[in-house]
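Paired with chain B in one complex and with chain C in the other, chain A is shared by the two complexes that follow.
Here is the complex of A and B:
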């Protein structure tokens, strides 16, 4: 007779504040950011100065911009190993079309965007059509683009970089949009930081407040079940790959404009940092769970560590060890919170 | 609806082409250097450890190609940064029975057996760039390259003359012995402090911030030494952003570095003349095959250090844009 009152529906069950907080995917990364900031700020006055902040935010922003779509893709259940190399493809395409073939800067900017979206579409299309793991498909794209970047660049320029983009009409306008700086407290903050914050907010809104966001979670959580309830998983996957390529276009062109040159080998290996940032930020490798804000916090941890080690004068030979240990700790913390999450549902 | 697509398909290419103008094409395709035709017709195989896309090795390769053209030899160029794969490439080259073999030895012990097999097949071998210490012991005719420590010392000496006390040495490839040797050489002759810092060659934007951070954290740094041309450009930006007065010197060269030296933004560059390493190796093998000549009787031929300063930068800048300096 007491059965009805004793059993409360699990969906309306009371969950404690602490447990609810622990279940936020980005919490681990937020704690990490605070710990690392305090750690380095206590030891270096340059690190906590405006100039120092501009430095670590600068390093974080390039990584963070890419981590946003990469996190979305991971929540959707896929990887893109070609993400790093794609940034070089985008920059090289704009540079070569403009400075060698004479195409107007904005026109080649647009053609480069079209090219990148096509690459993203191919990645997504192959993954959805063949059902092969995205790891393999994008590994092929990663190797292929590496060869294409190098082959085309050498064929056209006889060197391995494209430079002199600053001599082209229209450069300064583009430079203002992508690579100007904002002075705060006497320090120059690259405008890429603002773009990074903007895209993080946008990505987070998309993920948490729109139908498309639900589809991402659903596709990554259980693709078959989602398909059965009418989620267009194929379209979602293709769109996610195209978002990664879009951001590669944005980041690659920012690099080209900011440094007035780009190298054919640029970006190789960076894709692993994007994935690591997303994982530290709470994304699960299996998909279906994660956070865009968390990925950006993960990128912030990377940026602060990379710059902080130099600030406190440590031997930078050890940087990768630090990063590796941090990644492992983050994954362990994620595993722990996931267990908690599963328990609380019971 | 369909008509709209046809119109768009017709109009967009026209728009794109009309957006072309010579004002944008600031990089003109280079003019390849001319040369005679020797007509020796030897087959020469070059196997290096340069990774694909490395600016330096592209210039070596250009030297090899041009020498092949000038001598009338047919040349092949293969490379792999992984020592075991490089050894396999050497074996493959040996099997094709060339008249001469050129090898760069970044990791000599790994290549020892493969080089011995080539020599056993009667193929003369010349080593280039790295591996000077082992070259003779492995039975090579000669070695063409730059002694990295000697080059480092040259930089240290020059910096000392400029009154430098504390230099940072920027290493862009972890674990590359040659790069560590360069920094050691600088340390030997500078007399002051040299601090090594590590950056990632494939993430130059971050490298720039790291160098800037170092300059801001330690204001006693009065010189930055970079070990590659692309990193030098990045360091140039870092120094100006940090409002530092540090002097910038670099190993190796490209068009932009030569331009920066001309403008006084980089004090000097030490060039090891990679073009010479590729070109001379082919020429020396051709002369050996046709006339049994060995330059210097087999002593190492040094292609550097060649100092590029404000005085000679302008002329070199022009050549660098064509991929030969």
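Here is the complex of A and C:
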């Protein structure tokens, strides 16, 4: 009896190596990054030059910064459809407070942060208290903020954008933090790339190495079971929504500073790209499984593709077709992984 | 009032004092009597089985013992002292841990992450505090080994474990976090024959380590080999609280199956003619051989 059990165990351990490799959520995205890099680099010397790299990393970072908290939230079992619009809200708030109401730049920056954290808190609080799907709650927030962004901006500025932020005192110092460039190999790399890498490392550390990270997995994996063993699922959920809003604040203000203006309608639709990047990076739509590094790799796939298609001289109209196919392949791969993970040997 | 006075008297529990004594517990929900005048005892190193069919009041009893419900009358005595569990936390503090049917494990998470879920060991200080994964893996492996499970890889998701192994993870977790008395809610009901056997083995192992065990089940064939004491419930009432020496498996089965009622049914069927009569006669013979 024991001998038989031992033999079975050995066989399972043997299969386990392949299974464990496949269970790494970021594996698919990593393979995708390599394939796409080789594909475009082989055909375009612009793509593989320092300038090219600066270009596709720049595009990736704008998406990747948001993909980090969006992935964490998704692993925690929720969506935030208002994530894209929130970036505009954050930028518009700082812009209006400084250029129209004459508030000091850093003070405006801080007030904008407080506003965004409040929005995140409201999202999280409503989701945990009502038990309604986050899809619906944040759809409401998405529509509401879209109206607010446009309404307030038009009311205050009589335009659909806020501009001239570069004329505000203190602009250059903030520009150094958020939107300066680092020259490597003659190419200018936006500093946002460094922020992106930094937040990816931080997010990944949080998820894999801390108690809070364990609670994120647990809340998304089985909220009820987690609650029974003392996990504060409500607080975890609210904190995750606030992280998304924090990053929306960071990204929105970076855009405002970098381009010195922001459109009232900006950010709309971006939330779906954040989610797509997270899914390509191995996050399950149902929560409980995924990777921050994977989500950033997903964003890198988007950035490389968007720039690469132009570099090799194709019509960029085809970009979204490619993204769509990529997303479907990723979801199919995830589904397979999940079955493998949940498979019982009963 | 008396609770407080008794608690102030510091006296070590005597060897013959049961770990948990349930005295005349009654619980009502509105006008429905869910449990009526139930008593039994659980001793360290012994297994008390609570048997009953659906609606017998097993779940209500578990919830009273785990602090989810409070009894309307009757007493709980822990180590001979009256105790009152207002919340599940109180029961846990008294060393009483319940392993519910859903096991409170997250299938997609690694075994070691599940083991410490909600009570993660941390290292470092302030914002640099991190989940001590090395320690967690080590303890998980050791605790499971103590239960006789050789976990191949603590990194594998709990979902890849068999039903019996998942039970054992939940049991080992309860023991590690200070349980002296385990309440197992139908741990074998969803399992196949072989896996049920594995879980029974863990129950025996927990007992041999000096833990008290309350084993809830509706299967006398699972209960009898491991149990030292049997409490039979039916429609909220006790059909008896027996030591193993006082009852045989056959009698336990007969009581469980509804004993007298089954006989009456058999006689009724026998009066019929032809096939129905044959069924009745067979049923009557069965009940006679059983009890």
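Methods note: the second predicted complex is superposed on the first by the 325 of 346 C-alpha atoms of A that agree within 3 Å, B and C clash if a C-alpha of one lies under 4 Å from a C-alpha of the other, contacts with A are read in each partner's own complex, and residues count from 1 in each chain.
FYI, a residue touches a chain if its C-beta (ideal position, glycine included) is under 8 Å from a C-beta of that chain, and two chains touch if they have at least 3 such contacts.
The structure presented is a predicted model; accordingly, all values stated were derived computationally and were not measured.
Participant: Counting only touches as set out at the top, which of chain B and chain C does A:288 meet: first, second, both, neither?
Facilitator: second
Participant: First (chain B), second (chain C), both or neither: which does A:53 touch?
Facilitator: Neither partner.
Participant: Looking at the overlay, what does A:100 touch: chain B (first), chain C (second), both, or neither?
Facilitator: first
Participant: Answer with first, second, both or neither: which of chain B and chain C does A:218 touch in the superposed model?
Facilitator: Only chain C is touched by A:218; chain B is not.
Participant: When the two structures are overlaid on chain A, which partner does A:30 contact: first (chain B), second (chain C), both, or neither?
Facilitator: So A:30 meets neither chain B nor chain C here.
Participant: Which one hits more chain A residues, chain B or chain C?
Facilitator: B
Participant: Which holds for A:209: it touches chain B only (first), chain C only (second), both, or neither?
Facilitator: A:209 sits against chain C, while chain B stays out of touch.
Participant: Answer with first, second, both or neither: which of chain B and chain C does A:264 touch in the superposed model?
Facilitator: So A:264 only meets chain B here.
Participant: Which partner chains sit in contact with A:158 here, chain B, chain C, both or neither? Use first/second/both/neither.
Facilitator: The answer is first: A:158 touches chain B but not chain C.
Participant: If you lay the two complexes on top of each other, which residues of chain A touch chain B in one and chain C in the other?
Facilitator: Common to the two interfaces on chain A: nothing.
Participant: So in the complex, the part of chain A that touches chain B is made up of which residues?
Facilitator: That would be residues 44, 46, 51-52, 55-56, 58-59, 62, 84, 98-105, 107, 111, 146-147, 149-150, 153-154, 156-164, 167-169, 188, 255, 258-259, 261, 263-270, 306-307, 310-313, 315-317, 319 of chain A.
Participant: Where on chain A does chain C make contact in their complex?
Facilitator: 9, 12-13, 16, 19-20, 23, 205, 209-211, 213-214, 217-218, 221-222, 224-226, 228-231, 284, 288-289, 338, 341-346
Participant: How about chain B: which of its residues touch chain A in the complex?
Facilitator: Answer in residue numbers: 15-16, 19-27, 29-30, 51-55, 58, 62, 174, 196-206, 208-210, 212-214, 216-218, 230, 233-234, 237, 241, 254-256, 322-323.
Participant: Can you list the chain C residues touching chain A in their complex?
Facilitator: Spelled out, the residues of chain C in touch with chain A are 100, 102-109, 113, 116-120, 122, 129-131, 133, 150, 152-153, 155-157, 159-163, 191-192, 195.
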